[in-house]
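Following this line, the structures themselves.
In the two complexes that follow, subunit A is the common piece, with subunit B as its partner first and subunit C second.
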Partner chain A sequence: MRLYLKFVAMHLQSQMQYKISFFLLALGQFLVSFTALLGVSFMFTRFNAVDGFRFPEVLLCLATVLMAFSLAELFGRGFDHFPRIIRSGELDRMLVRPRPLVPQVLASLIEFSRLGRLVQAILVFCYAIPASGIHWTWDKALTLCLMVLCGSIVFFSLFVIYAAFSFFTIEGLEFMNVFTDGGREFGRYPYSIYGREVLRFFTYVIPLALFQYYPLLYLLGRRTSILYMLMPLLALPFAIPAYAFWRYGLSKYNSTGS
Partner chain B sequence: MIHLEGINKTFRVARRKSGFGRALQALFSREYELIHALQDVSFSISQGEMVGYIGPNGAGKSTTIKIMCGILRPDSGVCNIDGRTPWQDRIDHVRNIGVVFGQRSQLWWDVPVGDSFDLIRDIYKIDARRYKRNLEELVALLDLEEILKTPTRTLSLGQRMRCELVASLLHSPKILFLDEPTIGLDAVSKIAVRQFIKDLNSRRGTTVILTTHDMQDIEALTERILLIGKGRILMDGSLEELKKRSSWRKTITFEYLGPQPALDAGMTLREARPGRIVVYLEPEVCSAAEAIAHISRQVEVKDVSVAGISAEEMVAGLYREYDI
Partner chain C sequence: MKPYLAIFRLRFINGLQYRSAALAGMATQFAWGFMEILAFAAFYKANPAAFPMEFSHTVSYIWLQQAFLALFMVWFFEGEIFDSITTGNIAYELARPIDLYGRWFSQTAANRVAKAVLRSLPILLVAALVPAPYRLSLPPAAGQFILFLISVLLSLGVVVSFSMLIYITTVYTLSAAGGRLIAAALADFLAGAIIPLPFFPQPFRAIAEVLPFAAMQNMPLRIYSGNIAGRAALWGIGIQIFWLAVLTLFGRVMMKKALGKVVVQGG
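Let's look at the complex of A and B:
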């Protein structure tokens, strides 16, 4: 852990050497996700509610997904970047270091410009939490924290799966973005608005709805069962097959060139 | 110390022909080609040896090194290094080895070299006293005092390579793998790096395994050579043995006045121009002194030069001989 912090400091130091580039990147990140926010708010200038959800309620949903995603991206960027780690031979270097691989991959890349997204998520929360009209009690606050935390672990697991695929093929990895970036973009609205099949898919196959839709119902007081509150925890076992797949990929690793 | 037996490694490589139609076809069905990178590779290296591992590009040098480092696992065969199988006890194994890949850096690009060294200290959990001693010693030997505060990206290749050596030796490894350590270096840096490796081997008793295409590296550093070609070990012996095996000839160039002289037994004409001949000698039949005496009896010799075959030519000869 101490070593990880040193790496964090090192990355910060080296990214601060290019200050302008850093701020432009952070701004870019901010603007990109800002368009999503704009999209939602334009929608609500026409309609009062989407599938029964009002504007601040949808914003709550948007902020949760955005924050979960940006946390996962901030800390798990190494896995998102894995094809390049393989191609550059950096993985070979990691393999000759006397440390477990996962922390090494995590420490290999931390992009602070991704904070741009995180800041936006926080700002949206600042608006949506009071505006949603939810009576905030301890259990609801805890639910929200669970949503964000478990959500970032699910996104992180998706990055790990993405990384695992890159052991087998470098091309055709784009389809994974349907789930990562796509999950984030779709996740602006509760997954239920896309219909029953989509909701099922995001519940049983890729558990994005487990930390977004179901606990949101609990937050809004539409469901009172404690099960809905704890739904995000059910998404956590998703990390196990993701990790297993990555280990399997690693065992097939063939290195590159000389 | 290092023992490899019957190591095989095969890569499956997707083959795609050029052209759009073929590329489209490859979407649906792929042809694979099996490349036998290593076939039945066996050798042993004992502690403190310095071994040169040579062979043409694509012969399997890097693959062997990667197996010994624990990066790749072979399809079959035994590899035992200091009592461990590299790809099974990876973490314990790599604590004992240092690796320099000449073409890739292990230093962090944007931070000062000294900071990279500090990170390596933490990665390897080197205790403070030993780290300080090692660092001071290595920095002094390689003359790096002034550049410790410089970011890696601004170093010259020669400086960077010396830093790479330090980085891979800070944890006092028992074995050092060098994959083309002198590639792209200027003459001065090459000599510095070689001298350093030699010192290291004799003072610390570090086992050194080095791959290179630079025959001067081999001549300067190693007593023992492993030649690999097409995934097989072809020769394992000393440089002297190698010299004996290769067509070991000398050439003599004469510049003279007068008609072209006649040659004696053991001399073959390679090149003749008015006033200049180049002759191959077979040393068992005719020594250089005899040849010079023989020619100068017939004509007035203005200049003579004798050249042995270089290690480079020798290896090229070997590659030809083994058809690799």
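Let's look at the complex of A and C:
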């Protein structure tokens, strides 16, 4: 852990050497997700509601997913970057070091410019939390925290799966983007608007809806059962197959030789 | 002209080599397009009267957008060109007896075309076979389809000449990752990559329509379905030609000035 913090400090210091470049990157990250936000708000100048969700309610959803994603990305970018680690042979070097592999991968890349997204998620929360008209009680506040935390663990697990695939394919598997970037992009609306099959898929296969749609219903007071509040916790076991797959991939690893 | 065609051919063949990457890409884009359409369908169901385009037009828009993603998306830059500027390889490029603008232009265009050719047909085929409301419909008339093809070419030209401006600014800034990201995000949004321009609320829509970005994917994708038809389509193509001319001219002037100042990075 101390070593990890040291790496964090190191990355921070090195990225701060090019301050303008850093802020432009952060601004760029901010703008990329800002255009998505702008798209949503443009849609809602025309439509009052989609699938029964009004604009501030959708924003709450958007901010949750954005925050969960950017937290996962901030810490788990090393996994996102993993195919390159394999290709360059860097992984062989990591394996011979007398330290566990996962923290090394995590520490290999931390991009602070990704904070641009996090800042945006916070700003959207600042608007949506009062505007949603929710009467905030402690249990609802707790639900929101659970949504963000469990959400970032789900996204993190997806990054791990993505990395594990690259043990077999060497290249990154572009299709996983549907679940990582796609999960973020499409998660700006509650998953129920995409129809029942999609919702089912994101409930039972890739549990993105468990931290987004169901607890949102609890927040909005449309469901009062405590089960909906605790739904995000049900998404956590997703990390187990993800990790298992990673271990399996690692055991099959052949060096690329470069 | 010949050397540019050779570069184009070489890049094109090179791009065709990565077939499994293309397969994964196709599946991704198909899933992506489908989700996008489902989202628009949900809005349509919520209030069909507020929908500014016909639903089938929107569906065609999205399928074509996904199929030709590589042609239209501004964020698809050539890493190689940025590298040649930052590593100093640009010196070799300058030594070649070939106009650098034309070389970069054809290289960028060829890579985009190679990617799109490989990916577009299967996506379009599947999109034409999915069940009814989500199906890609045929263009309303043959003439409309020809206009669409012309417009696709022009919009590729506009996109590439816009990326040229970004490449050239890298000569001054060297590290352009941030600026690149910003330019691409804004350009793509204003070109209708996130939501089609008709979905923009009024003052924004009017502004977006007169910007050069409207001459990118916005035009061909709407011409295909007949959302922009007849005279309006011809007018639109005229606007595309205008922006293509302006952007290339501007790019060439900028490049001349930039190359006068180019500092070759040693090493």
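In this text, the second predicted complex is superposed on the first by the 255 of 258 C-alpha atoms of A that agree within 3 Å, B and C clash if a C-alpha of one lies under 4 Å from a C-alpha of the other, contacts with A are read in each partner's own complex, and residues count from 1 in each chain.
We take it that contacts are C-beta pairs under 8 Å (C-beta built on N, C-alpha and C of every residue); 3 or more make two chains touch, one makes a residue touch a chain.
The shown structure was predicted, so the numbers you read here are calculated from the model rather than taken from an experiment.
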Touching partner for A:T35 - first (subunit B), second (subunit C), both, neither: second
Which of subunit B and subunit C A:R93 touches, first, second, both or neither: first
First (subunit B), second (subunit C), both or neither touched by A:S255: first
First (subunit B), second (subunit C), both or neither touched by A:A244: neither
Superposed model, subunit A: greater residue contact from subunit B or subunit C: C
Contacts of A:I193 with subunit B and subunit C, given as first, second, both or neither: second
Touched partner set for A:C145, first subunit B, second subunit C, both or neither: neither
First (subunit B), second (subunit C), both or neither touched by A:L227: neither
Subunit B and subunit C contact sites that coincide on subunit A, given as residue numbers: none
Partner subunit A, residues of subunit C touching it in the complex: 20-21, 24-25, 27-28, 31-32, 35, 38-39, 41-43, 45-47, 50-52, 175, 177-182, 185-186, 188-189, 194-195, 199-201, 204
Subunit A - residues contacting subunit B, complex: 2-3, 6-7, 10, 13-15, 17, 88-89, 92-93, 95-100, 251, 253-255, 257-258
For the subunit A and subunit C complex, residues of the former touching the latter: 18, 21-29, 31-32, 34-36, 38-39, 42-43, 45-51, 113, 171, 173-175, 177-178, 182, 186, 189, 193-195, 198
Sites on subunit B touched by subunit A in the complex: 11, 57, 61-62, 66, 69-73, 90-92, 94-95, 97, 99, 101, 103-104, 106, 108-111, 115, 118-119, 122-124, 151, 179-180
